[in-house]
Structure formats: structure tokens, C-alpha cells
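These notes concern the structure reproduced below.
To keep things simple, chains are lettered A, B, C and D as they appear, and every chain counts its residues starting from 1.
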Amino acid sequence: MSKKKLFSFLGGIKLAHRKEYSSEKAIAPLPMPKKLILPLRQSAGSLPAPIVQVGEKVNKGQCLAAAEGWISASLHAPTSGTIRDIGDYPIAHPSGLVAPCIVIEADGEDAWGERQPLLEHADSERLDPETVQRYLQSMGVVGMGGAVFPSHVKLSKAPGVPLETLIVNGAECEPFITCDDRLMRERAAEIVSGIIFLAELLEAKESVVAIEDNKPEAAAAMRAALAARLEATANHIRVVVIPAVYPAGSLKQLIYTLTGKRAPAGVLPPQLGVQCFNTATVYAIWQAVARGEPVISRIVTVTGNVGRPGNLEVPLGASVADVLQYAEARPESDGCLVGGPMMGFLLPDYDAPIGKGANCLIARSPQFFPHKAPESPCIRCTNCAQACPQGLLPYEMYWWSRARDFAKAERHNLQECIECGCCSYVCPSSIPLVQYFRFAKDALRTAATKKEMADQARERFEFRQFRAEREKTERTQKLAQAAKQQSAKLAAENANAAPAEDLDETRKQALIAAAIERVAGERAKVGCDEGANATEAALAPNHGNSA
Amino acid sequence: MEILVAISVMALGALVLGSAIGYAAIRFKVEGDPVVEKINAILPQTQCGQCSYPGCKPYAEAIARGEAEINLCPPGGDEGVHQLSELLGREYKPLAEESQTEKKASVALIDEADCIGCTLCIQACPVDAILGAAKQMHTVIIPLCTGCELCIAPCPVDCIAMKPLPETPENWEWPYPQIDKSPDAATHAPMPTAAADIQ
Amino acid sequence: MNPFSAPYLHRPTSVNRSMNLVLVALLPGILVYLTLFGSALIVQIFIASVSALFFEALLLYWRGRPVRERLSDHSALVTAWLIALTFPPLSPWWLTVIGVFFAIVVAKQLYGGLGQNPFNPAMIAFAVCIIAFPALMSQWPAQGLNLPFREQAEIIFGLAPRLDALTSATPLDAIKTALKTDALYDNLQKLLMNQNLYGTFAGRGWEWVTTAYLCGGVFLLIMGVITWHVPVAFIVSMSAIAFICWLIEPSRFANPLFHLFSGGAMLGAFFIATDPVSGCATPRGKLIFGAGAGLLAYLIRVFGSFPDGIAFSVLIMNMTAPLLDLYCQPKVFGALPSMPVKKDLAAKVKEEESP
Amino acid sequence: MTAYLFLIIGAVLVNNIVLVQILGLCPFMGVSKKLETAFGMSVATTFVLTLATGSCFIIDHYLLLPFGFEYLRTLAFIVTIAAVVQLTEMVIARTSPVLQQTLGIYLPLITTNCAVLGVPLINISHRHDFVESLLFGMASAIGFSLVLLLFAGIRERVEAADVPRPFKGSAITMITAGLMSLAFMGFAGLNR
């Protein structure tokens, strides 16, 4: 295996890994809770539409909500039971707001419905990528690293760009989290099968499993699993150990570390001949195509101030409270983080359910998270700029965000911020920089939506005025025409009596009138068509929004 | 005598410069007013007429002519006034007295049971966001509604009400950080422990 | 419920730590200064510190800001010490207080306090006082001033008469006076030749003070409080212009070493121009800022009307800092050299996304 | 050549029209809120000032002096400047409507910008010849533009600062201008 040069990205920080609490705990299943709350929002893009009724009995793995549109993924029942409600419940979100959910009451039998693994039917011949994409969408496979972007979308290749490197992200750079570590240690064979499947499907020239150097056991397990498969060598799949610098697992930084390619804003990895999947996602893809099991559970690391830290296989829809109770969270904990301590969020409501992106629960206590000083003035020490892996100037972005001057914050590339938290971590003034940036970004997003709506309203208002104008002219024209016909009739009556030289004049007038009429008619028609188009155009984006 | 000469010299100078300006006025004539478009782009396009002009464009034209203040648009809010003052270099003013209160974004909803299908609201809607025909029930196309409230007054049976848009995780915004408070001071619900479960 | 955002981990650092390190880094300079030029400096540091803390507390209280919290960041002390070090040690107490007033109240607190002042407070103090009280601000003591401490304190507090005999022209001053006055032209050559009279490179003990500042500055660099950009750019540009002038006419201009080790050059390069608040913060901006400050400091101290140019050069560069920072932004990670390509790619991606 | 150099350095830095001579404060305070408008104003003023010094020199030298109308100088200069500004405004309105709108009332204000009248008068009192007049006019305008842009940069920053309420707005702007003026005193003596 050839050793390739690694690139080290700008900035980044060294963090205490703190994975020791749960890294030696094997994956254990969480006992099935009695009630599961499944938010429809389990992926980026549009919400899937429920296809079950309240009171309906469902089997484990049965589809509950079907994907709507391309960037969307289906949702399945994590266990057998009865649909109790379809309505708004609090979801795991920093706002603590409610969102549409499907509630299942488990019957305790955990009976699987019919499973149709894709590979069983199409084992001999090469699979058509589109079939795989449709299948994965229907199996609800999304990015399990936290971004929950539908995985089937990422199987599309950029036209004309061959896939140089398929990256499997096992970096897991945030402190505390060990779910991918354990998954790689315990289920390496499945992951490797998944990688081979993806590499062959995407015709990747090489595949790289990136693992941070603080997880030697996972790297060893993956290497052993790769060595056991002949296809692994044929497809040039290898394990690369990368230095543990936060945020090494962030997409852009990981691509740069492994390939030296920098992804500019707005350019997706396939454009650079790279595609990246999380290890848990690869595992989920393999479970779907080989066993016909949709995504109905995920590995969640429970750690922090709990009596029994560990890695649990949690059915989707189990509440955070269920998991915390099982892990024996200590009562003096002050809150629970969902996700890592650098990019996760503090959960406002423990009844919120575990979703496809929730990789870690951390019970907070001052022992693990020492109290932070209140914000003091920024002295532009530039520690943040030196830590920023994106090469931004957080102190400038902060200065303008704080003053709510968002345009100037954008002038300093606010939108390029990946919210990794390095700047806030190093800030000597304890400024919650990331929150300022999120605040500013959200304000900008709202302003953009407002602007879009205003533009649409203006278009429609102007069209309405145009229509009113047209109707008015049409009416006057009709009147004029009637009058003209009247006069023409009169003229015709007179024509017989009129002298010969006047005849020419009358004919000319009639010709002109006819021409005017024709033109006017055409214009009205064109206007109508335009109007129809405009209405269609105005309606089209809303279709996307409401869906 | 000298005064006369001086006056005539100045007059001559003025004449020469005046004719130069006159020529320039014709040569560099400006058609239309592109600023109106810029102002109109800032206005929220609710077409609500709360500024006392019939629609956003007429208000924009009035601002460009210097006839209207820039603080007459309640749907545009404080932000809008700031943007206008930036664009035009005019002094910022808080929203005009009668339109002080900024309203939450809301949309019109027709109580479909009461609707008699009179089409009056359809005629009032400036952005064609109401669907329906004579003697048929009408309905508001919610994504198109600007919340201008112009349809409420014409309704003979008062079946139209404004409903604020709900806050969802999708349109939720991160709040401005609390500066003087340590984030650790935030209060938390008690941890769900096994003991709590038994209760 | 007001949510607060990630990250929930923080490195235990504070503003207070870096300010304290700056104070520590000033100590060697202060010690050498004390031994060579008398103990009056201690009194000045005391006056400046007390008045700075007083004004800062007053303004913070008046503005309803947390007084103790803000005072404990020690930024006012840094300003006070810099004022004490740049003012002549025997200047009357009220001069120092006026300087501190302008620094803390006008240049700092009126702009919102720490982190928001566009000009370096200590240098504002120096500039105000040298323009308002030029005579008092150029009374520098001769080396080995051996008045008892008590007497020096009495001079500062106006209890004893000021003695002209105590003061002597600084080397910079002497050379400038000679350069500007034709009558003293021969004198100038003598001054430049007579290296004994002037010590090894900057004369009269000042070289030892500036060397101590240099050591303190290197300490700050090692501790990571400042970056190398400003001091290096400052020293390079000042020696470059000094070297050019010296090469053209060695009989009129002093050598680069003399300039680097006289007056406030080292203090300016490591402690004043590196102020992150009023200076540049981008790497390229810092280089331009340092180079500009070094160049202007040389021009002003050699050709201008003031004995030393550090204060004015830093203030002038402070004015340019916002614009320099705006146009020296570093490249964002992954930014392509040409924008159209990027947009083109992005558009293609969008088409791909929506079949 | 050195004389011209010193003339330029003198006009741009040492005797800066705004910060040292304290002329042209109206646009300095009024149009420095945003960098973009400040840039527009700089360009407009540079253009007008150069043109005004040139035309005023011609008027003075070939019209007023030969006929002994020196006492009409102020009047004649004002008329000339007004005409030049009018022409500039028309050209700008045609070529850049946004610039015209953002400059708003400030473009006609150049007419009453005392710097524009002051520079030709200083030219006369310093007995500059035509080339020197033009150079001096241009250098003064560059000095004006320089400090206007720097001032705009600082003001944008200060605008977002936590300035005590009584000092918000014009007050802190005046203080900033004063401190800038203080800094510019550092250039004193450099042109000798």
C-alpha cells in the first residue's frame, strides 16, 4: 500500500479527546420504549408525506412517510405497533419548538414486515446507479454524521468528472463521541462490504477510510476487515490515519487533508472528483442493500455525567429521556447536549426524540464543562483568526454581527463560516462568537426570504396592473369597434351613392381598421400567454416550498 | 464707468457659463429615474397602501421626487427605513407615529364555511393571492399572501381573519447572545433519572 | 428559554493574562531605566497607574458598566505604564494626569472602552502633551542622575524648583538641532564622529533601555501575545530608510543602529505599534502597518518638528488601519482565484441537483 | 522638480486642506458615513477642485488682472466654480445615477465647499504659476480624498462601537476628526 502525503489545513485546534469514558463500551441495544415519536423532518430537503392513518397497525420496517421530491428521504417504523397520532410534538432542536411527528405505540413483538434486499435480485449483473438511488431514498438512508443529507443524492456524479477518491469519514473529530469508533471496531466487515459496494457503483479510482490517530483499534479493525476481502485491494481501498486536529472530520478540511483539493463555496465535492460518506452512513447503505433493512435505528454515544456511559443502538423515536434513564444520568447534571460539545446543541426538552442525526448525548455538569466567564470586550487579539480552519476573520464578523450590520459581516465572508466553534473555543474574552454568526446568518436568511417574497409580490402586482390595463383597453377597443362597424355600415350605405374617387379612400380606411384590429387581437393573445407563463413561474417556487 | 465695465464683464462671464450649462443640460439629459427601481426593491411589496400611496411603486416614486418621508412603511419596518436612509443618504427617522407598531408577519385566512363567494376580496387582493369564482368558495394561496389586510374590509360577511405565521424549527432564528449573562446561568429542567420515572 | 449556542468547551484563557504579560515584558526596560536615569520613573508610574484606574473606574461607573470586572483586565495599567515610560521622568504630576485623561477618557472610553478605540490611547496622550507643552515634554534627564529620590519626587510634585541643569538633550534631539541649524553643522559632524560621548550606538545610556525593551518584546513574541509581523516590518523599514540616508550622506545622518536603539523605537516596535485594537489585525495589514510606522517614525524624527516620531507615526498608521484591514483580508479557505469559474460550477451543480 | 515634490507633499500631508487648514469640513463630516459615498465624493471633489483651480487661474490671469478687476476676484471665482460644479453634476447624473443619488445634496454642496474656493485663493496669495496652481489644486484634492477615505474607514468602525449615548453620532465624529488632526500635526516640518 503506497503511503500518500497528507495535507494539513490552516488553523484548527487541539482538544482533549475525552473519548475514554465510552470508547471501551461495546454497542448495546436500548430496550424498546413503549412509545416512539418520529419527526417527519429526518433529513435535509423537503418533508416526506405520511402514508399511514392514525390507528393503523404497522410492522417493523414498514414505510410511514414517503419521500417527496428528490432531496427527501422516506421514514419507516422502528418497531411493530399502532399509529397513535400524527401531529405536532417537540423535536430535538435548539429552539425547543414543535414539528409534525408520527407517534407509534410499540406492541412489543418487534415483528419485521417484508424485506426486499436490493442485492438479492440483482446479484449477477451490474446495478444501475439510478435504481440504487431510488432504492436508498425509499429506505430512508441519510448522512448519519449529523448533517442528515439524503445519501442517494450524493451518489450522483458530476458530469464529465470521474470519481478520483471516495472518502469514508471515520474521523469523528469531536470530543466525547465514540459511536463511529465502536461501529468500526465491531462491524468492520459490513462497513467494508458497503465501501466495496459504493466504490464499484461509483467507479471510484481509490477509496480512503480516514480515521483520526486517537482511534488505533478502529483503524486496526478496518485494516483487518479490508485484508480479508480481495475486492478491497482490487478497488484500491485503504485506511489512512490522520492527525487528530479539530475539525479534521469537517468535509472541506477532510478533503483537503487527504487529497490537497480545496472545495470553494458553492462547489460540491463531486466537482472535484471526490465524494465523502460517513462510516455510519456506509453501514446504513449496506444494511439497506444487503438486508433490506431501512434506517430505523442508530448508534448513540451516551456519556458525560452518567452512571453507565456507553454506545447504544437506539430505535429512532425513542426519547432522549429514555436513553438518559437507561444510562443512569446523574440528577445533578445541568442539561443534555445533543451532538458533540463543539457543534451540538443544548436540548431544551428531554422528551424530544432521537433522530437519524443524533450521534451523541452528553449529560452536562461543571465537572465536564467548567463554567465559562461572561462575555468581555473583544481586543482583536486574532486568536480566532489563527484558529479558524476556513481562513476567516471571526473578530471582524463578530464586530459587525454584534452591531447588526449584516451586510458588512457578509463582506467578511460570514457565509463561509462552518460553525465549527474553534473561534469561540480559543477566545480569551469568552465571546460566544458562533452564536453571533448564527444570529447574523439567520437574520440574513430571513431577509433573503422576505426579499424573495417581495419580488414575487411585485411581479404579481405588476402583472395584475398590466391585466387591468389590458382589460380597459380591450373594453375601449370593443366600444370603438362597435362604433366603427356602425360607421362602416353607414359608409357602405353611402358608398353606393358616393362619387367614384371616394371609393379608394373608404377602402383604404377599411384596410387600416382591419389591420389595427388584427394587431390588437394578436397583442392581447400574446399578453395572455405571457400572463399565463408569469403565473406558472410565480407558482412554481411555492410548490417547492409548500411540499 | 468702471462699475459699468465690471458689471458688463461679469454679465458676459455669466452669459458664457450659462450657455455652457444650457448646452450641457441638453447634451447630458437624463431619461427616467433609475432610483425609483432601487427604492422599490427595498419596499416589501405588500401593496397595502398604509403609506397613503396606492401601492409600493407609487410610494417609491414619491420618495424619489422628495415628496414623501422614508418612514411611512410599517411592513418594511425599522430595517426598511434604515435601508432607505442608507440608499438615499437621508437622515434616519423612526417609523411614523400612526404606524409605530410593527406587526408580526401574518397571512389572511378565509373561514370557508361563511364565505358566500362574492369575489369582492378577489378584486381587492393586489397580488392575486385569492382563488375562487362567483358563488364559489374562495381560498387564500398562503405562500402568495403578503398580509396586506386589504381583503378584510370588503368582505360583507367578515369571514376573513389574519393569522400570524407560526414559528417552526425551519424559520426559527438564533437569538442575539445575552452579553451580561454567563450562559451557564440558564435554567434547566431536572434530569430524567430512573427515580423520576418511578414517580 | 434563551438558547445559547455551541461550542460548550472553552480554552481557559483571558484578556487579563495577555495584559499582565505585557506588563511583565515592560519590567526589564523599567529596571534599566531606573538604574540609569533615576528613581523618578517609579513616581511617574504610580501617578499614571492611579489616575488611569481612577478615570477608567469613573467612566465605567458613569456608563453603568461592570467596574471591577473591566478594571481587572488591566488594560488601563498597560496604557498608564506606556505613558509613564514615554513622558520625561521629571515632568510635573499634572502633565502626566492630563496625558492619562486624554488617553483613558477621550481616546478610549468615549469610543466605548477596551477594544473599540481607533487610536492608541498612550500615543494620543503623548501627542496632546507634546503639542500643548513642548518645553516640558523635552526635558530629559542626563544619564546617572544622582538626585535623592525625595528630591526627585519633590520636583515632580512642584515642591522643589525645576533645575535646567538636570536635563540634557537626548542624542536624537542633539542631532536634529544640529541638522536643522546650519551654524551647528560642524558640531553635528563632531557629534556623529564622537562615538565615545554617545556610547556604543545610541549614546547616553538609552541603548541599554531600548535593549531591555527588545528583550521584553521577544518575551511577548515567545509567549504568543504579539505576532512577529509588526515588529519585524517596523525594524526592517526603519533600518532600510536609515541605511539609505546614511549611505547617501554619512556626515549628516546617523547610522541605522543609532536609530533603532534611540528614542522609542523598540518600545514602539514591540509595545505600541503591536496594539491589536488600534492597529491592523490581518497578517498583510500588520506588515504594512509596521513598515509604515517605521518609515514615518524615521522621517518625523529626522526631518520633522518633533524630537521623536513614534507617537505620530503610530497615530497616522492607526488612521489607515481600518482600510488596510479591509483590503488585506486573507484568502478564504478554498476560494478560487477567479470567481466566474466558481459561479459556473455552482450553477452546474444546481442543474444536477434538480432533475 | 524637488520644488514640485515639496509642493505636493506640503499640500497632501503637511498642510492638509482638511486636517491642518480646516477647510472643507462640510463634506468631510457629511459624506464620510460610508466608504462608497466617501469614494464618490473624493472623485467628484478631485475633479472639481482641479478644474476649478485651473479655470480660476485663467480667469484671474487673463481677465481680472489685465483689466485691474482684482476686487472682483471672489465674485468671479464663485461664479466660475458654480458653473464647473453644475457641469460636473450633469455629467455624473448622466453617467452614474446611483452616485448622483448617493451624493445627494453634497454634489451641489461642492459649490459652497470652502476648500474649492480656498485653494484658488491660496494659489493667488502664494503666487503660484499655472502649473503650480494645477498641481496644488490636485494635491489639495488628493489630500482631501485621502483623509476623507481614512475618516470614512474609521467612522464605519466607530459606528458599530459601543459609544456612550451622549457622544453617539456627530459628537464622536468631531472627536475623531480632532484626533486625526492631532495625528496629522506629526507631519509638521516635513516639507522644509
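Keep in mind that, in the parts below, a contact is a pair of C-beta atoms (placed from the backbone, for glycine too) under 8 Å apart; a residue touches a chain by one contact, two chains touch by 3 or more.
Since we're looking at a predicted model, the values are computed, not measured.
When every pair of chains is scored by its C-beta contact pairs, the maximum goes to A-C. Between the Cα centres of subunit A and subunit B there is a gap of 32 Å. For this pair, subunit A with subunit C, the centres built from the Cα atoms lie 51 Å apart.
In subunit B, the residues touching two or more other chains are 174-175, 177, 180, 183, 186. Residue positions of subunit A with contacts to 2 or more other chains are 94-95, 346, 372-374, 432, 435, 438.
Counting partner chains per residue, subunit C shows two or more touched chains at residues 1, 3-5, 113, 116, 326. A complete topology is adopted by the chain contact network, contact being made between every pair of chains. Those residues of subunit A whose C-beta lies close enough to touch subunit C in the complex are 9-10, 13, 15, 70-71, 94-96, 153, 156, 158-159, 175, 252, 256, 262-268, 271, 337, 339-346, 348, 364, 369-370, 372-374, 376-383, 385, 389-393, 395-396, 411-413, 416, 419, 421, 424-430, 432, 434-435, 438. Within the complex formed with subunit B, the residues of subunit C that make contact are 1-5, 66. Interface residues of subunit C, counted against subunit D in their complex, comprise 62-63, 106-107, 109-113, 116, 118-119, 124, 127-128, 131, 296, 299-300, 303-306, 309, 311-313, 315-316, 318-320, 322-323, 326.
Subunit A makes touch with subunit D in their complex at residues 399-400, 402-403, 405, 408.
Here subunit A touches subunit B in the complex through residues 41, 91, 93-95, 97, 99, 320-321, 324-325, 328-336, 346, 349-350, 363, 366, 371-375, 432, 435-436, 438-439, 441-443, 445-447, 449-450, 453-458, 460-464, 535, 538, 542, 545-546, going by the rule given at the top.
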